[in-house]
Each structure stands twice: as C-alpha cells, then as structure tokens.
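Handing you a structure now.
As written, the chain order gives the labels A, B and C, with residue 1 at the start of each chain.
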Amino acid sequence: MAEPVLSIRNLCKSFGALKATEDVSIDLYPGEIHALIGPNGAGKSTLIHQIAGTLKADSGEIVFLGDRLNDLSVAERARRGLGRSFQVSSLATEFSALRNVMLAVQSVQGSSFRFFRPVTSDASLTEPARAALARVGLEDRANVPAAELSHGERRQLEIAIALALGSKAFLLDEPMAGMGPEGSKALTGFLSELRRQAPILLIEHDMDAVFALADRISVLVYGRVIATGTVDEIRTNPEVRRAYLGDE
Amino acid sequence: MMSRETIVNIGLALILLAIPFIAMQVGSPFYVTLATRMAILALAAVGLNLVLGLGGLVSFGHAAFFGVGGYAAGILASHAFSMQPLDLGFASVAGTNSMLAIWLVAMLAAGLLALFIGAISLRTSGVYFIMITLAFAQMTYYFAISWPAYGGEDGLSIFVRNQFPGINTMVPLSFFLLCYGVLMSVLVLFALIARSRFGTALQAARQNDVRVASVGIAPFRIRLAAFVISGMITALAGALYADLNRFVSPSMLSWHMSGEFIVLIILGGVARLFGPVAGAMMFVMVEYLLGGMTDRWQFFLGLALLAVVLFARGGLIGFLAGKARHG
Amino acid sequence: MSSALLIEQLLNGLQLGVMLFLMAAGLTLIFGVMGLINLAHGSLYMVGAFACAWVAAQTGSFWIGLVASLAAAAAMGAIVEIAIIRRLYKRDHLDQVLATFALILIFSEGTRWVFGSVPLYLNVPSQLAGFVTLPGGSRYQLYRLAIIGVGVAVALGLYLLISRTRLGMRIRAGESDREMIGALGVDIRTLYTIVFALGAALAGFAGAMVGALQSVQVGMGEPVLILAFVVIVIGGIGSIKGALVGAILVGLIDTMGRFLMPQVFSIFMGTSQAATAGAAVASMLIYLVMAVILAVRPQGLFAGAK
C-alpha cells in the first residue's frame, strides 16, 4: 500500500476532565475519501481543529507528507497543503466571492508583502480564482459579496478556496450541512471527482452521501475511534451499530 | 465612470486646497494656519486609518508615533541650532534643519518603536490591544516628561522652521502647500495599499483572521507590517506638526492626542480613503468655531461626539457617498 | 539606604496598589460582566474626590464627605449607565472607546464648569492625622496605613460579595453565560446598572481617599485609569484575583522603581546623571514589566476564566 498522505497517530486532547480526543489514529491514503462519522459531541470537529492547527493537541502526532505538523501554525500548515472547509462558513464576508478565492491564490503564489499593484487587475490572481469558482459552479456569482451568498453557495465557495490553494489533502467539515437535496447531489458528484486531485477527510452527517462517497469510514464515539473499515464493514460492525445507531 | 465617493474625495481635496488661497484673498492669513493644521492632523489620521480602518485594529496609542516624529524634528533642529552634535553613546550625529533628513529619522525611529509595541500588542486582540497600545503610548509620555535634556514637561522650541529644498517654509502658504503635497502623496500610497495584495490580506484579516490563516497567510506578520507603516506615517505628520507650531512638548504624546486621531477617523468615516481628511477638516473647524464662542467647547465636543457614536455611524463620507463597496 | 526608608517605600507602594485595586476591580468587573471597556472610569474617580472635598468643606466632616463620595459616584454611575452606557453593550469596542472618551470630555469640562479651575483641597481627618512609628524608627502617616487597611477590607468584602451573596452569584453567572442568566429570569438590565454603579462607587471611594493626599482637580483620574489598565492587562481581564495581584505588583514596582532606580544607576554614573536617568527609566518601568509579562503570557497572569 502507498504511504499515507496524512497520518494521525495516538492523538489526545482534553478540556479539563473531558477527553475530547482519546488515542485517535487515522490514516488518509492518496485518492481516497475517508469519512469520519459519529454522534454529536463525539469530537469530530475538535479533531479537525487539531489537524488544521486551530487547537493544539495534548499528545500524539500529526504527520503530513512525511513532516510532523504539531508545532506549526495554522498558516504554515495551510501553506504545506492542508485545505480546510469550516463547519460554519468562515469567509471574508465583505469581499466578493472572487476576492475570497483570490486571497488563496495570492497565498499560493508566495508573498503577500506586495504593496502597490492593484489585485483586481492582476490576471495572475483573477484567472486561477475564476477557474476555481467555475469548477464549483459559482462563476456567475463571482462579484457578489460573500455575505450575500446563500448558505449552499458559501459552502461551494469554501471548496473553491481549498481548490485554489492546490491543497494536497482536504479537511471538509460537514460540507453538505444545510444544503437542499439538489445541492447535496451535485456536491456528492463533485467530491467524488475531487478525490483524484487530493484525498479527502470528510466529516458528514448525511449518511447517504457518506455511504455513496467514502472509500473507508472511521467511527468516532466519545473521542475514541471504535472502528475503521470499508463501507460494508462499518455497516455490519456490531459495535458500531450498538454505539452509533443505538441498536441493542 | 467615477464613483460617488471619488467625486466627494476630489471635492474635499479641492476645498482644503482652496481654503488658504481664499484666506489670502480676503486678508485672513490665520486661516492658512488652520488649513495647515487640517492637513497635518489628516495625515496623522491617515496613518492610523491603515491599522484601524483597513486592519480593524483599534490603536489607542498613535500619539506615541506622532510625538516621536515631533521630537525628531525638535531634537535635530535644536542640535543644528546649538551646533552641538547629538551623542547617541555609540556614535555622535550632527543635528540638522533639513526636513528631508528629519522626516527620515522620524519615520525610522517611529518604525522601530512600532515594531516593538506591535510585536507585543498584536499577540493580543480586542480590549487588550486597545489598553496595551494606550499603556505603551503613556510610557513614552512619561519618559518625555521625566527626561530633562529636551525640555521635559516644558517642551522644546524650534526657533526657525526647518528647511525644504526649493521652498521658503517660513511663508505660511508655502508650508501649507508642502503639507498638502505630503498628505496627497500619502493618500495615493494608502489607496494603492488598500487595493494591493498586502491590503487585501490586511482587510481579510479584519473580517476573518481564521480564514486568512487557513489559506496560509499569517495574520500577525501582515498586521505587524501595517502597524509599522502606520506608525511611520503618523510620525511624519508629527514632524510637520512640530514645524507648524515650532514647538514640541509631551502633550503631543498624550492619550488625548491618540483619542483625537480616532475621533477624526470616526467623524470622517472608518476605512474610507478621505475619511481622515473629512474628519480633520470638520474637527479643526468645529474646534475653532466652538472655541471662539465658549471656553467650554470640549464639553460640547463631547456631546457631539457622543451623538455621532450613538446615532450617526458611517461618518461624513458615509453620509455623502453611501456605504463602502469592496471589489 | 536605611531599612526604615525601605519599609516606608514598601508601604507607599502597597498603598498605591490598594488604590489601584479599587479602580481595577470595577473596570474588570464591568468588562467581565458586560463586555464593556470604560475609559470614563477615571472620571468617576474624580467625581468621588470632588464630592468628598466639597461636602467635607460644607459640613466640616471628612466622614460625611466620604459617604457622599460613595453616593455621588454610584448615582453618577447609575445615571450614565441608564442614559448612555447600556446602548453600548452590543456595540464594538471602537464605539465603546469613543463614547466613553466623549464622556471624559463631558465630565472634565463639566466639573471645571461647576467647580472652576482651581483645585480643591481635602484635609486628612483629624482622627487619622498623626504618624505611627515603624519598626526601624521612622515615622509613617497613619492615614496612609488606614488606606491600606480599608483597601484590604474592601477587597475582602468584594470577595465575600461575589462568592457568597445572591447578587454575587448573578454576577458570576453573567460573566460565564449571558444567555443563561436571562433564562434564569434575572433582570439583566437592573443587574448591569447595579454592577456599573458598584464599579463607579469603588472608583469614587478611591478618589475620595486619595483626594486627601493630593489636590482634587480635573484630570486627576486619568493617570490612575491608565495604571489600572496596566493592572488588568497584567492580571488578566475579567479576573478580580488578577486585578488584586496586578494592582499590588504595579503599586510596588512603580514606587520601588522610583526609589531604587536612581540608586542603581549611581553605581554606573554620577549622582545627578543617575537621578535623571533613574527617574526616566523608573517612569517606564511598569510598562516594561507589562511588556515582559505579555510576551510570556499574552492573556495576563490569571486569564483562563474567560
């Protein structure tokens, strides 16, 4: 088997007495969608925060493309190719969709310490940004401020930003949340394609989407991974059924 | 097509330029000084507007940079006047009365100070940032008071206004034009920065700094650079202000000064290119008119300011040109 | 340097610290509960001092003046809260800074209007006018010792108020969860007014007590306000314990710095040079200490509760 792109080893994180992440190990291999499921409060978002760097892990290792990430800043991890979408959309709301993506393009191109050239007439920024918007189907909404985009459009914009970053792995935190059935279907098709560009660690509540997309699934309950396996293995795993689906 | 804001901006620039010429025509040269004051305070506030408006960082300590600029002018001029070199411990430097040299020193000194203050205060945010910038500015204030070499509490006079090549700076109108020219140049710089990659990152960090970090841009470094540039611009204004009054004192470093800069921006319009200009014109005008009517003008200024904050957000530019638009 | 002088300076530092605590406690409480940064807190300190000095002059009694200072500052706090401050809780910090900055202008100029520009004087009450002999032989003002005692008593009272009483419980609830406290059926508007008036009363009380040591004049609250900011930045915003530790620390460092720095510098240079250099460095000392603490702990010493 190929080397994992992202490897989480024995990660632990506590908030006081609450163990939010307990000895979690997950590998993400090239070309796969690895879904992370679990009931509310299982610690899925806390885990994503630790991988992206917005929270610091207490112990354990996060290894990405062979490098240990634990002590790097959010910005540094992003520069190394970790693309992230947020559970609650996190955008520069006054900027247009295009300018939100351009910010990612400018980061990829290197320095933000350029003081004079206007960004709006800089084709090296606008062209890749428009291309990323087009890939998620937002090209018609390029000049609309992010604050005025619909909920679903903001999720698409988040993915366009991750695309523009040329990320080498995607961390997607509930990309389907709040989307109508049409939007979910379109996004499912899109994510299925996206995995060829870079593997995806997907947190999702929409089980239809998870079962349709995931190559492998890890089940997180009370901060612990109770099972990892293919869709069929997880469906039939008695421990998962008991803990997650409430079967007795 | 020109936007409404651009038209308002051009209008303001022309009005400010016209004031001293009209004043000379009607034989009230005092208004030339008033217009110069407007231009210099506007310049100081343009500096602050970079961090406060674009960056969303409420610095309550910009008087520190204003004062450092002022003292750079005062100290260098006093050494030029007394012909005593300035002893820095490791080197000794001759004083100067060349504005260009003074501006350079003022901006370098303020840049270093801003680097120090920013490196510490930008690790925090919100109320912490406000209080820490205020505290550090106060530190420079107390230092200026307790250091007797340059006048301490009494301040320092500049006997002859410093020189600029090709201009007789002692002629009020010439000095006004010089200040006006500097203001307009810095406004052009501000407009460029606002639209540049750097400005984009700075404004994005105001709106959502987690987003900026998660595309791989460290907000701290962007903000620190903005803070340093901002301090340098305000220091330039400080040097001009010292030359305008031919006097510099710790009051330039006081927290009332910092508060006044914020007030100028709010009156004019936060993050608007000409917000500080509109604000400074209004403020100096109101100060002059109210001051002519009553000794208690600060009382009414307080009431007016309270009314603006509570009921009229958006400032003059917001009133004249509508809401800001971003590309 | 004699040990008696050292003890005297230590007590002076403690006295400054205790006064700073009264200011900082109110500021930090108001920030913790309402999320408001109040620049006009120094004006309430001034209101207390003026009320005490004026009433003491009219009645001849410092003690009636002291009660008046509490009443005046609390009443002024409540009025300002109801008229203006409560409109600012939902606004951003920039609006809060500006509005309370405007209040300073109004308070300062208003006070000058009413009382004129000449400072008022407030005498130390006759019961506390004497000196006590310290171990080591030097004499120390009884009044300053009394201030330290009162400050410690107020700190203790504040602790009991917040940890033991119903009001304190509501304040703590307000600090941790604003939605929750509404759900509990507590009248938030009244609670906020009470907290603001309490903070104002503490500031006014401090102003009145210090008024007997200095002249009572417009602007007297501003240097204290900024020191109180340094205190809560060091202690951690929202933490009463942090305010106490920070206040004592700042009081001691500032006083001892002014006392010791010139002596430290005289090791390297001549006495008169050392006096100026020492004074200049001493004037910056607490800010440098603040810088160091922030470099290590950006959220202050006792942050974490918030």
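Quick note on the criterion: a contact is a pair of C-beta atoms (placed from the backbone, for glycine too) under 8 Å apart; a residue touches a chain by one contact, two chains touch by 3 or more.
The model shown is predicted, which means the values in this text are computed figures rather than measured ones.
A linear topology is adopted by the chain contact network, the touching chains following one after another without closure.
Of all chains, the one whose mean C-alpha position sits at the greatest distance from that of chain B is A. Our note on geometry: chain A versus chain C, Cα centroid distance of 49 Å, whole angstroms.
Per-chain CA centroids place chain B at a distance of 31 Å from chain C. Our note on geometry: chain A versus chain B, Cα centroid distance of 43 Å, whole angstroms. Contact residues on chain C toward chain B in their complex (touch as defined above): 31, 37, 84, 87, 93-95, 97-99, 101-106, 108-110, 112-113, 222, 226, 229-230, 232-233, 237, 276, 279-280, 282-284, 287-288, 290-291, 294-295, 298-300. Touching chain B in their complex are the following residues of chain A: 52-54, 73-76, 78-79, 84, 86, 90-96, 99-100, 102-104, 106-108, 111-120, 125, 145, 161, 165. Within the complex formed with chain A, the chain B residues making contact are 192-193, 195-201, 203-204, 207-208, 210-219, 222, 225, 326-327. Only residues 52, 58, 60, 120-121, 123-124, 126-128, 130-132, 134-136, 138-139, 142-143, 145-149, 255, 259, 262-263, 266, 270, 296, 298-299, 301-303, 305-306, 309-310, 313 of chain B touch chain C when the two sit together in their complex.
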